[in-house]
Amino acid sequence: MVIVEFLIKLSQGFGIGALALATGLLFGGIGRKIMARIQRRYGPPFTQNFMDLFKLLSKGSVSHGWAFDLGLVAGFAPMLAALMFLPIGPFTLLPSDSSLIMIVYLMMMAYLGMAMGVLASGNPNSAIGMSRALMLMVGYEVPFAAVIFSVYLFSKTGYLTQIVTQQAGGFMNWNIVKMPLGFLATEIALQGMLGEKPFDQAIAPAEIASGPMVELGGKYLGFGMIQHSVGLFLETGIVVDLFLGGAPNFWIFIAKQFVLYFIVILVDAILPRLRIHEATSFFWKLPLFLGILQAVIVIIQGGVLNV
Amino acid sequence: MNSLLALLIVPVIGSAAAAVLQRYRLVERLITFLTFSVTFLFLFEIKIGDILTWHLDFLGKNLEMGLQITPLSIFMLYMTIAFGIVLTFYNLSERSKMKGFLLLLTLAASNWIFMSTDLIGFFFAWELMGWSSILMIFGGKREEESRHGALYYAMMSIGGSYSMLIGIFLLSNLTGTFSIQSNVSYLTLILGLHPWWVLGIVSLFFVAFMVKSGIFPFHTWVPHTYGEAPDGFVPYLSSVMSKYGVYGFLIFLPLTSGAHVPSVLGLAWPNYVLLWFGSVTAVAGSVLAFMQDDVKKLFAYSSFSNLGFILAAIALFTPIGLTAGMFHAFNHLLFNGAIFITVIAVISKVGTTRMSEMGGIWQKMPLTFLTFFVGIAAAAGIPPFAGFGSKWMIFQAMISHGLIFATVLLFFASIASFLYLMRAFHAIFLGQLSHKYDNVKEVSAIGKITEVFLLGALIFFGILPGFVLDPINSIVNSFGLKPLPTSGYEYINGFFSSINMVSIFIVVIVTFIFGFALFAVVAKHKKVPQEDNYTAGQIPQDWNLTPEMYQFSYDFYEPMDKELAPFLKVKIDGFFKGFGESVEYIGEAIKEIFTGNVQIYTYLAVGGLVIFVIAGWVVW
Amino acid sequence: MSEWTEIVDYFRGRSMWMLHYCTGCGAIELPPTMTSRWDMERFGITPMATPRQADILLITGYLAIKTLKRVIYTYEQMQAPKWVLGFGSCTINGGIYWDSYNVIERLDKYIPVDIYIAGCMPRPEAILDAFVKLKEMVQMGEAKGYEKYVKNYDWYKANQDKVLKRTSPVLKEIEKVTKIG
Amino acid sequence: MADILDEIKSMDLKASWLGDWEFEVLTPRDRLASILSYLKSKGFKAFMGLSCVDWIEEGNFELVYILQSYDLALEAIVKTKIPRQRPVIESMGTIWKLCEVYEREMHEFFGIEFTGNPNLKPFFLENWLDIPPLRKDFDTLAFSEELFEFKEDETHGIESPKRIE
Amino acid sequence: MELNPLKESNDYKYYELFIGPNHPGIEGNFSYVLKMKGHSVEEVTPDPGLLHRGFEKLMERRLWTQNLALIPRICVPEPDINEVAYCLGVEHMMGIEVPKRAQYIRVIVLELARMASFLFGMSGLGGTTGHYTSVQWLIGDRDYILDLFEWLTGARVYHIYQYPGGVKNDLPDGWLDKLSDFLDYLEKRLPEYDKFIFQNPIIQKRTVGLGYIPAEDAIENGLTGPNLRASGVMYDIRKAQPYLVYNEVDFEIPKTGDGDAFSRVLQRRLELSESIKILRQCIKQIPQGPHRTKVPNPFQFRVPKGSYYSKVESSRGEFGYYIVSDGDVKPYRVYVRGPSYSIGLYYATKALVGMRIEDVPVWIHTTDMCPPDFDR
């Protein structure tokens, strides 16, 4: 019985992974199209990212050793693993473990793995890119943490599934209405998490020739693309679950995710990139202030849980 | 009852034997290892509640001394001795100048500390531990620097000791006894009447503990000492010896659990202050760590940053806070041990502690590399390795109190820990391999066994945390708090949610297998050497590009350093560096006045302490 | 298996990433081709920063000897399948620099070229046309320059070495350089 | 504006107008440094370029220093000749540091030695073994034919690239 | 507290980073080799010659008029200045009087080319700071200018339109109307650009105060054109030594005068407006008449013995041709002075030191250097 159950979960997990990947790629494609239209051009087809991924996986590539390979796999597997704990619409594969902080830390493992892979290539460009990515992470994770903690205090639970159920019953129950400042901070942090401008210092092609991806080609770049796409799905999905009340079905979930991504794309289109220290200290100013203010408001409203 | 005494006597005998046979390196090491193992065997003989008392007539006073086993002490004993076995086993193949007899003396002292029921025994064990470790640090590679480091450590230790001694005399004068238990209950009793009085006495003790754990603002000795201590001793110093302070805190923390004192956010304000000390330590440690270029110093800062986490958690003194703190103490022992053992393995192979001179070692030492990788993943708090659960619980413990600022600070420290770990990882193991390390080999078989053991332990205690949480629950229970519910070895129960680590482990494993399968199925790759690298089209040979010149690891986070520099300048660089320097200056001055030989100075200092003790004795 | 190859080739043709390397003056017509007026991205062609990521190497015009060395290095860093696009008259026969001492005459002596675009300089339409042609060739499985390079490596190497690894003056009959005191 | 030309003429140097905004000064090579310093002190602060003409028949290299004055809106073109057989001259890097870069180029293209210039490594060319290319006796066409061996319908046993209409 | 630097040798602190030739942050086929410490530049070595074609040698082998086909290729983004500068030199040496109409046409062509080059240069800033939308817009608008050129000369980039004694063809019918339509369009777009690029807080944050060049340094190191003017030296050849009919049109030299990267870009943006002003006046003032005078046929085209340094103000600075003739049908020697030479090969080695890597491409692109003009 356990085996059957395991197999069912396994196939469901594959399904979720494929779905997230497809959605992420599609979002990427639509994002490119929207970007093209803002830039007054026609733009690539929606399906361009799929074709790119397929091509990358079928193209030859170079490896700098097994740490390089292991890093790339370690950069993509935990991202997929984190996905299994995310409530997608009404469905969660492993609802009993959907702890928010755990998901955040699993995502960090993906970064750790990716960092190991690209740094094993021994290119200083990727080292600079990685150092920038990590510095930026110190920036955006801190306000995001403040928001997570205020959601914890507000919902009195750490399960994403329960946070979603608590928001059931219409727009007025959504956390975005109850914690608008926190949402704002999250939206800014999301821009950093997705690495879109003005926070794309890590790849900055003109400065460090696409940074961490310098030595990646073929399937390695493909794995990076999968990681990015799944990460896009995961990160927007977390924000939807936290603030936009989850969704009754998959399509509405995707629609809500897309709204978030759309805002990100618009900001991406009109802003250039900041310097790295400016970006980091930016996160420590306005978004952190908003996040902490939100937490203080929640605490004042009586959210302290006396133990 | 004999086994209690055996825990003290066996190490002392072993120490004597090791001291006699000091000239035969291998024999000495073997004795050290065997003594640790034998001591560990005696651990199975003892159980909670075992007690041994004796009376000592000294200068006309009758002192009751004793040894007792509590859940906390047995937990600590297991932790320290087990780690000691691993370390001494590893040291069998290590060539550093560590003196086994001093390590065994330290072990005896530490066993005494954990079991002592009276303040006199506690104090003497504390001093024994302190001085034997100080003598150990003299044996560092660089003589001048290690003497300097030891001196620094000694100065701070003596300061802590004096402070504790005054506290002990004050306390015994009030109660007329040296028993820890009766003193603590006396303090609890008068807390409502004379809170300031109690606070003053307890602070005297806390200073000693903070010094030993390297808690902000008494952390200044940590990098000096860790940086200069013999390689083989550093893991013990950072993983085990820093925990004595935690043990000390735990003796006095129950004081404020009563509702007699004003509170902040439902937390007694001394606890609140202690929590802030912890949080600031965590942040300061992390921030200072990512500016280091010396690997031992980096992990010294890392170590005291983690001590900050532990202190912040236990300062809450709630079931979850205490559990989280103790759990983190255990995890810290584990991952810090793994990190330091791999680091000293690398140091012994490459012959430098400067990270920017290393790089690319993963090709030469794959197992060490993997152990280190899992070690830093655990240190960064990544599931499913040991280290995740405790950090996760600490955050929940903090946030359930609404301590948003402290929690955000701790989270910042946690993310910053990611930075310095990654930097060390990159600078030591990844990047370009310099040609001067072409002959570097993987560690010996003994080293491999140790590493595999640590690797296994990091994963085992990561996915089955119940084996640690059970004894911790009994500790929590012994402090009169209601332990967290348990529901199997694979579960961690937090305040807001609980986690099944095995299921996470399975998910991660499955995704990894899937990842590798996908990796194998899609197009083939070509293995190229690291020299064949992107150089923006320029031919490397034309520019005489060597691997060292294509490796970026110095000043890795320079923009961040610049951003944080103003804070450091004001807060730490200014005041505490001055503080540290003045301490050094005094030490230098004394050294100059006396013979110039630090060892003799040390004996003089010990003599001074003894005179001080006797004087105190006579006065009170 | 051949169906599989066809599918792979189809997608390769639809997603061609070119290396962002302005080797010569032809690069001036690339920005218009890439940006809003002609919008190359419609065909899935995107500039990429490093040779590892790219499929197409554009040789945008004349190649100085110094550049040739770097181009060959870059080309060898690219991974199969990879294609080379010779751009402008200069790559075909030296163009206006036919008598220059520092500009190579014919590119496919040194690396295999899949498509040449004639003209000085070729208009964006011509560039797009070449890309579309290349796409068709890739999808038909005809563009195999990289295989030719492997097969005739010795010949290519000899040609490259003749230009790049000179050990004696090329013009021998001219009297020696005046020795500088 | 004409003053400066008179002053130069009074220094026993040949000088004449070349156009509305520029004049040339012919100087023997031992007075070059002093005349350049003099012009710099007179407002010709900007160094615009250094050129060289290979007068092969008279056996001289003519070095041409182009200076610019923003205050006078004038260009000064200072020319000096050095023998082709022994092309050595002092570096003007002491007057304009920038000049050293131009000198490095002239060293490469004409084989002129600039004493006092520490950096006369190859600059534009790589692995150049022939006589400096911009000298009049260097035949670029012969060089090109010899090195690149271009023939119109050469196939070398490899099919030529496909022609697309 | 260990914040002291470690004592021993410093070699391990440095590493090398290659900016170019195959790098998105460099302009053209050119390379800087940076010796880095941390994220900052310690030492810069330029590596030119990747575009060296030996123009000066090739020109000695061609007829005076044949060279007109060769020289536009020296500076790719703005080829017309080469033709004009060369023609001006040849005409001066031969004493050819150019008809008024031809001079006006030349000014129109030069100013259009300058505008195209400015738009291209401004897009470089967008490319390096990741402001890709501005790149797309600017390059798109530049294409309207290329269309005008195509109508006028038959080619988009290399026009080969000038000829000693005038221009090759007269203006086509309706071309001037089209031009003024385009100017209207561009004037409508410019405020949008101002808002989008120059008032963008992040662009300002990244460029204001970056790579400050004091006026003294600019003069001493041979900087010319907008880079020089941005440092506060108000010198423009069009004003100071007017050639063609620049003395008949009214325009200002905009003053930004800070010498930092932002003022260099702003200088170009403001000069773009001045170019529009010049073009509008040209459209109004252009006289009727012949568009060229008669000159000898190419094989009899001999320039009297002598030398001349002719120069024009290009969008990058002073573009000069030092022409030497020995009275033959071919030039004896032509020396080309490219405006980017001093800044790209010399001043960059001083200015980039101490800069963070993220600022290096921004600095390179705000100086708007063009490698072909110093590689030649």
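To keep things simple, chains are lettered A, B, C, D and E as they appear, and every chain counts its residues starting from 1.
The rule we apply is simple: contacts are C-beta pairs under 8 Å (C-beta built on N, C-alpha and C of every residue); 3 or more make two chains touch, one makes a residue touch a chain.
Just so you know, these numbers come straight off a predicted model, no measurement behind them.
**Student:** Chains in contact with chain B and with chain D: which ones?
**Tutor:** Touches both chain B and chain D: C, E.
**Student:** Mind having a look at which chain is the central one, using mean CA positions?
**Tutor:** Of the chains present, the most centrally placed is A.
**Student:** Could you compare the number of C-beta pairs in contact for B-E with that for D-E and name the larger?
**Tutor:** When the contacts at B-E and D-E are counted, D-E has more.
**Student:** Between chain C and chain E, what distance separates the C-alpha centroids? Give it in angstrom.
**Tutor:** The separation of the two C-alpha centroids amounts to 27 Å.
**Student:** I'd like the Å distance between the centres of chain A and chain B, where a centre is the mean of that chain's Cα atoms.
**Tutor:** Centre separation, chain A to chain B: 34 Å.
**Student:** Taking the mean of the CA coordinates per chain, how far is chain C from chain D in Å?
**Tutor:** 34
**Student:** Taking the mean of the C-alpha atoms as each chain's centre, how many Å separate chain A from chain E?
**Tutor:** Between these chains, centre-to-centre, one finds 44 Å.
**Student:** Can you pull out the residues of chain D that are in contact with at least two other chains?
**Tutor:** 124-126, 133, 138, 140-141
**Student:** Identify all positions of chain C at which a residue touches two or more other chains, and write them in rising order.
**Tutor:** 20-21, 35-37, 49-52, 66, 69-70, 74, 79, 99-103
**Student:** What parts of chain B, by residue number, touch at least two of the other chains?
**Tutor:** Chain B, residues with two or more chain partners: 526, 532, 534, 536-538, 550-552, 556, 559.
**Student:** Touching pairs of chains, all of them, please.
**Tutor:** A-B, A-C, A-E, B-C, B-E, C-D, C-E, D-E
**Student:** Quick one: which bits of chain A touch chain B in the complex? Just the residue numbers, please.
**Tutor:** Spelled out, the residues of chain A in touch with chain B are 10, 13-14, 17, 57-67, 69, 72-74, 76-78, 80-81, 84-85, 94, 96-99, 101-102, 105-106, 108-109, 112, 115-116, 119-125, 127-128, 130-131, 134-135, 137-138, 141-142, 145-146, 149-150, 152-153, 156-159, 209, 214-215, 218-220, 222-223, 275-277, 280-281, 288, 291-292, 295-296, 299, 303-307.
**Student:** Can you check the complex and tell me which residues of chain B touch chain C?
**Tutor:** Touching chain C from chain B are residues 526, 532, 534, 537-539.
**Student:** Can you list the chain E residues touching chain C in their complex?
**Tutor:** Residues in contact with chain C: 21-24, 28-29, 49-54, 57-58, 61, 69-70, 73, 76-77, 120, 123, 135-137, 139-140, 142-143, 146, 156-158, 372, 375.
**Student:** Taking the touch rule as given, give the residues of chain B at its contact with chain E in the complex, in rising order.
**Tutor:** Listed in rising order, the residues are 220, 223-224, 227, 291-294, 297, 354, 356-357, 535-538, 543, 545, 548-552, 554-556, 558-559, 568, 572-573, 576-577, 580.
**Student:** Can you tell me which positions in chain C touch chain E when the two form their complex?
**Tutor:** That would be residues 19-25, 27-29, 31-32, 34-37, 47, 49-51, 62, 64, 66-67, 70, 74, 96-97, 99-103, 120-121, 123 of chain C.
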